[in-house]
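The two complexes that follow have subunit A in common; it is paired with subunit B in the first and with subunit C in the second.
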Partner chain A sequence: MGKQKKKLLVALSDELFIILFMTGVLLVLFGIACIAVPNFACKSNILALLTNNWYLVLLGIGTTFIVKTGNMDMSLGGIVAMAGVLVAFFCQGTDATRTLDIGLGLSFFPAALLAILCCMVIGLINAFFIARLKVASLIITLGTGFLARGIAQIIARGAQRSTNLDDSFGLVGKMYVQFGNTSIKLSVIIMLVILIIFYIIEKKTVFGRTTYYVGANAKAAKLSGIKADRHLGTLFLINSVLAAIVGIVLASEFLAGYSTRGKGFEFDALCVTLLGGTSVAGGFGSVLGAFIGTMTFSIVTNAAGGMLLSPDWTFILKGVVTFLAIVAQRYALDKRKA
Partner chain B sequence: MKKESLLSRKFDFKKFIQKNYIYLFFFLVIIVFSFISARGTTWFGRGHFLSSYNLVSLIRVCSPTIILACGFTFIMIAGYMDLSVGSAMGLCGVIYALIVRAGYPFIVGMLGAVGVGILCGLINGVIVTRLRITPVIATLVTMMAYRGVALLIVPDKFSGIKSTDILSLPTWFGDYSRGKFLLGLPPAFYVAVVIIVIIVVLQRKTVIGKYSAAIGGNSVSAQLAGISVAKYVSILFVITGILAAFAGVTQASYSGMGDPLSGYGMETDCIIAVLLGGTAFTGGEGSTFKSVIGAMIIICITTGILTVVDAYYQDFLKGAVLILAVTMNKLINSKECLA
Partner chain C sequence: MLLFFDVEWGEIMSENILEIRNLTKEYPGVIALNDVSFDIRKNTVHCLVGENGAGKSTLIKVITGAIQRTKGEILLNGKEYHAANSNEARVKGVSTLFQELNVVDQLTVEENLTLGVEETKFGFIKNTEKNAQVIKTLKSLDPSIDPKQSVSSLCVAKKQIVEIAKAVSSNADVIIMDEPTASLSETEIQKLFGIVKDLRKNNVTVIYISHRLDEIFELADDVTVMRDGRHIETKPITEVKDRVELIRMMIGKTIYEAYIPPEVKPEENILQVENVSNKKLKNISFNVKKGEIVGFYGLIGAGKTEIARAIYGEDPFHGTITFEGKPFHPTPHKAIKAGVALVPEERRTQGLFTMLTIRSNVPVMSMNKVATMGFLNIAQEKAATKKYIDALNIVTHSMEKEVAKLSGGNQQKIVFAKSLFSDADLLMLDEPTRGIDVGAKSEIYTIIRNLRKEGKSVMIFSSELTEIVNMCDRIYLLYDGELCTCIENGGDIDTQQIIHIVTGGE
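This part shows the complex of A and B:
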């Protein structure tokens, strides 16, 4: 027992070390970008850096928990699209002639709740297959991702649902909160609140500690009486809820449920998580890292835009940056242990 | 277990189903679509699922997928995974189109594409075996990178490498996967068949095949038994890269341009094919040929279903088929444990 405790302590300080390391990388990148890109350090751009990718932070939080246990969730993008289309569908009025205009006529909050419940079904399928049937998470979530996007496409007929919505639909996504003379989107506030909640869950509750145990050594966790499978299932369920929230708020912001929304979000979320120093093999990582990773991610993409690179570069940049993050993390850890 | 069946030689129905369910499933899919498409047309007539026209077009469409499913099984038997196949395929297609458009003959274009495919495979192999990054993550990263390179090669304002005012693709560009070679089928199909035969032989009769199964069964004990895991895994990644190149050339020739986005979602198709083929996703055993049949099932479902419902049902069906394949794979493999 004492040894285990000691092991956990070492793992945790590794985590802190890596997060500090990644923060250092973030600051260095920021410095380089400030020099290389004109007008990079102006106030509006920094504000954009901090707030534009709020949805990636949210997705990164769930992904961090999943990756920490050595699993992956590729269904995020599909769930985001499904939640967006569903909430639009639920909110559309019942009085219309064209099929794409007819909805269920609910008001926004019941509709959002219902959409989250629907997305939880996808999460439940994930949980069932991974926890009960022991299917590799990558494979089954690829399938459910297609399933979720397929549902979105069927409901939106391969397009979008954006008509016959009343103004209250855009309330959440378009609301701004004033802080002095800067205004911040409500979605960013939501992101921060969820980030803090999950940080507390991660560090202060049994649930959070269990995640570390399951990730570090699933077998040992099981032998010491932790229901590792059920825990994993719960994590996938939580992840689907987070993705659903992202989908709903995005739909509210754009006043439409696009069936193509969220393509590639699962990669971006993984990118952000790895950039935040979460271990690929599982065992450690923090939601705080997801936030830092998102900032690094936005600096890289923003700077690429500022240097007038063609959008085609984004794929390569994402790939290279993630790759470097993994290698740097491994190298730093090896150096430290040696 | 084996001895007993040799002695008794009784027809074991359960085992028969276990071994051959994929062929039965394939047969079932064909029959279902035959009946569905028989509405409003005669059997084997124009517009029917089994009409010669439809069969030829199915074979044209399925060539890239069956090639890739082959390589994917191979690498999955070894317990690894290559998610970058689709992107590598797109990249190789673009390279092929570029070379051919510059006026070089077909064979040079093919060699160039294969070269790039080998390079893609080598990069994957080095990242996975030397840098020891989890194969899934490593190939996810290279998947993005290869796609990015393919997009970068294509000049701005163009969606792909196709005929322009100055340079035009040769007229024979589409012949490789659309022309008539034997029995009205394109050369690409025969190349695919040859590739499948080669891979099946490689997997069943050669050291590479045996070693890859050993690595998939237990990579640590394979290493202890003196197998150079890193070497053989790299070879497998290179083989997959070569197959991706062939698939890319076939796809480029089929669509008439080097499309950097071709092969999108191909890894999912391959995973479905492999799972339908009964290969355990933990590695160790599997059949390449059954994956080929699995790939044909997906092609039949995704293209055949278009005659019945609108195109936007495709993703949903793909997901449903994948989940079905996972369940079936689980059932088959768990039965094997019980038997």
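This part shows the complex of A and C:
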């Protein structure tokens, strides 16, 4: 029996092994939280784990693809803010006196589309510099991140655009879908749909496979006829779209486009990506991991709140757990490979 | 009487600085050094010659501690010598000038010279006697180099002089120079020779490795010939008659595995290269016919890889390349589409995705064959992989195994599988059997011959003469970026003549 179990373990791919390992970590943390925190295990709280951090899964999906190629995208937070402020600005009515109240008077969906297109310009700048001019992704995306946030700041006058908005603006962000006697936020469903789509892209398409090739050995990929640079550019473009969707849905949920929204999101996204087992060296990882990483992250934040720790302590708890989880994961992988 | 004997014995002992005894280095499937024994006399220039793969580099690596011996011993000044790494070797008196430069471009000359030997006080670097000594050595070698100058501003030869200064000033008894003239111009070479001769005067023994046989005759006191990992002979250079004799010693009476001529005589041209030049290549013109194996032979750095890179669109060039009657302006992507595939020189860094599975590696060069509308067809992918695992006899229990876990020979077969899967009409094989064992080698030769039978064309770029002579229908010889001559293989190739040409002889 034991031997058979061992055989099964060997037959697993490293990727599946890491995902199972991190699911184990997730369950252990969940168990600890259930014991330590009163009412942690109730249904509404478990649902909240999913609901509170849906946007992190989306950012983690894009980041997983980027990190898998050995790159980073630091412009996410800025794009989230820019998308939020822009969609609000596009939706605000034209009939007001204060500049901060005047918008373009579009309805929500055209406005959202336009905001996504604007964010894709940032993504294109990233793509151009990284794929064409071979600038390190860390550097250019730090720059464009500031650029995007700067645009958000200017349009929102350093604050927010929340007035003169129609009720329809909050439709997407505030909508709930009823499943039996449970109601689930629309944004969570959007997240799950996108997660499934990207999982299929990752595992079942040439595009997804190409990401692994480029990440595993960019040189060999090029010599094997893969247009590695173009692929990398496309990934950064996709990432900007995902960040824009996050920004727009968040703006709808809060009925406002804040210029300070999304600060540090790029680090949170990186964090859940690494928690999900994706390797910074490239060529290894899965979007499924980003989902599990986000849930781990959620449990820690949620449990910290439940234990009545002051929010100031959340960061330390997050830091320690994240670090230990990633170290444990790398250790397990090395051990397995040896 | 007894006392007299002792003195005598001591003197004999000290006459040899290095004594190598039964030194053996085995790799799985390959014996790189086979029971090598010889002596190196004190204060001589000792040249080491042999074909590529004769074991020279392995020997040097064992002496410098870069790799560890399997068995045997080395005596330095009569005492057992063992180095775990190059730093330890230096401390014990053996310095090495590697083929690749080891200077740090961003630092100044002075910082480079003291790198690794600097003395510090409270973490700050002290200006010591030693530093002054090193700089004095440098000045004596080449007064035109300013110690405060950044190394990046120096030309290759001067960088090398910086390295020599460092090696000399470390009070080395032995300095090993591995192909030091590979990147030097004629005048710089003469300067280096002067330095080598000075070193000998200053009681330093130099072990000098070079493919350029003329240098051997100019510099050497003694010469050691190696072949196939064995020691062949060590003798004073005065006892070697001429380069023909030296070449004969290098090649020996190796009986080449018989060359098999093609069944059908190749007629139709598939590739025509005319006047291709770039940074490394000078006016290269040649052609390859359908169903032909064409070899390119030359020493390391003669331009073999560069020809392959130019055809594959990796390096820019002037001149024209025609493939199947059409002008060819390649990128790797376009080359593969047109029907040209490259098996690159370094399989791990250029050919394979070692962390991915065999199944993911095989189809990479034409993904559209295992996909419909961008969606992968895993069943097709598995079938294709299975086909190549069987056809190329790749030893693995599962196609889901990561390529990193396979042996070198099997890894190389995966690189072949990749190229074969792309249905190329012309395969360019750069060092197709480097570092793989004899069995896998002969299997790869069979694969290549079968390709010829199918009417495909193969270009082999190799620094292994045996391989070239066994496999190729025609052989182009390269020296210093130029094609010297083309030899038709009639099964009676004069290998001595080939060595003569590729080492720069007329």
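Note that the second predicted complex is superposed on the first by the 326 of 338 C-alpha atoms of A that agree within 3 Å, B and C clash if a C-alpha of one lies under 4 Å from a C-alpha of the other, contacts with A are read in each partner's own complex, and residues count from 1 in each chain.
We adopt the following convention: a contact is a pair of C-beta atoms (placed from the backbone, for glycine too) under 8 Å apart; a residue touches a chain by one contact, two chains touch by 3 or more.
Quantities reported herein were computed from a predicted structural model and do not represent experimental measurements.
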item	value
Subunit B versus subunit C as contact partner of A:I46, first or second or both or neither	neither
Touching partner for A:L100 - first (subunit B), second (subunit C), both, neither	neither
Partner contacting more residues of subunit A (subunit B vs subunit C)	B
Which superposed partner A:L147 touches (first subunit B, second subunit C, both, neither)	first
Which of subunit B and subunit C A:L237 touches, first, second, both or neither	neither
Partner chain in contact with A:M120 - subunit B first, subunit C second, else both or neither	neither
On subunit A, the residue positions that both subunit B and subunit C contact, one per complex	none
Footprint of subunit A on subunit B - complex, ascending	81, 127, 131-134, 136-137, 140-145, 147-149, 151-152, 154, 156, 268, 271, 275, 281-282, 310-320, 322-323, 326-327, 330
Interface residues, subunit A side, partner subunit C - complex	11, 13-14, 204-207, 209-210, 212-213, 216-217, 219-227, 283-284
Subunit A to subunit B touching residues, read off their complex	72, 78, 125, 129, 133, 135-136, 138-140, 142-151, 153-154, 156-158, 259, 267, 270, 274, 280-281, 310, 312-320, 322-323, 326-327, 330
Partner subunit A, residues of subunit C touching it in the complex	312, 314, 332-333, 335-337, 342, 344, 349-357, 360, 364-368, 371, 374-376, 400, 402, 418, 422
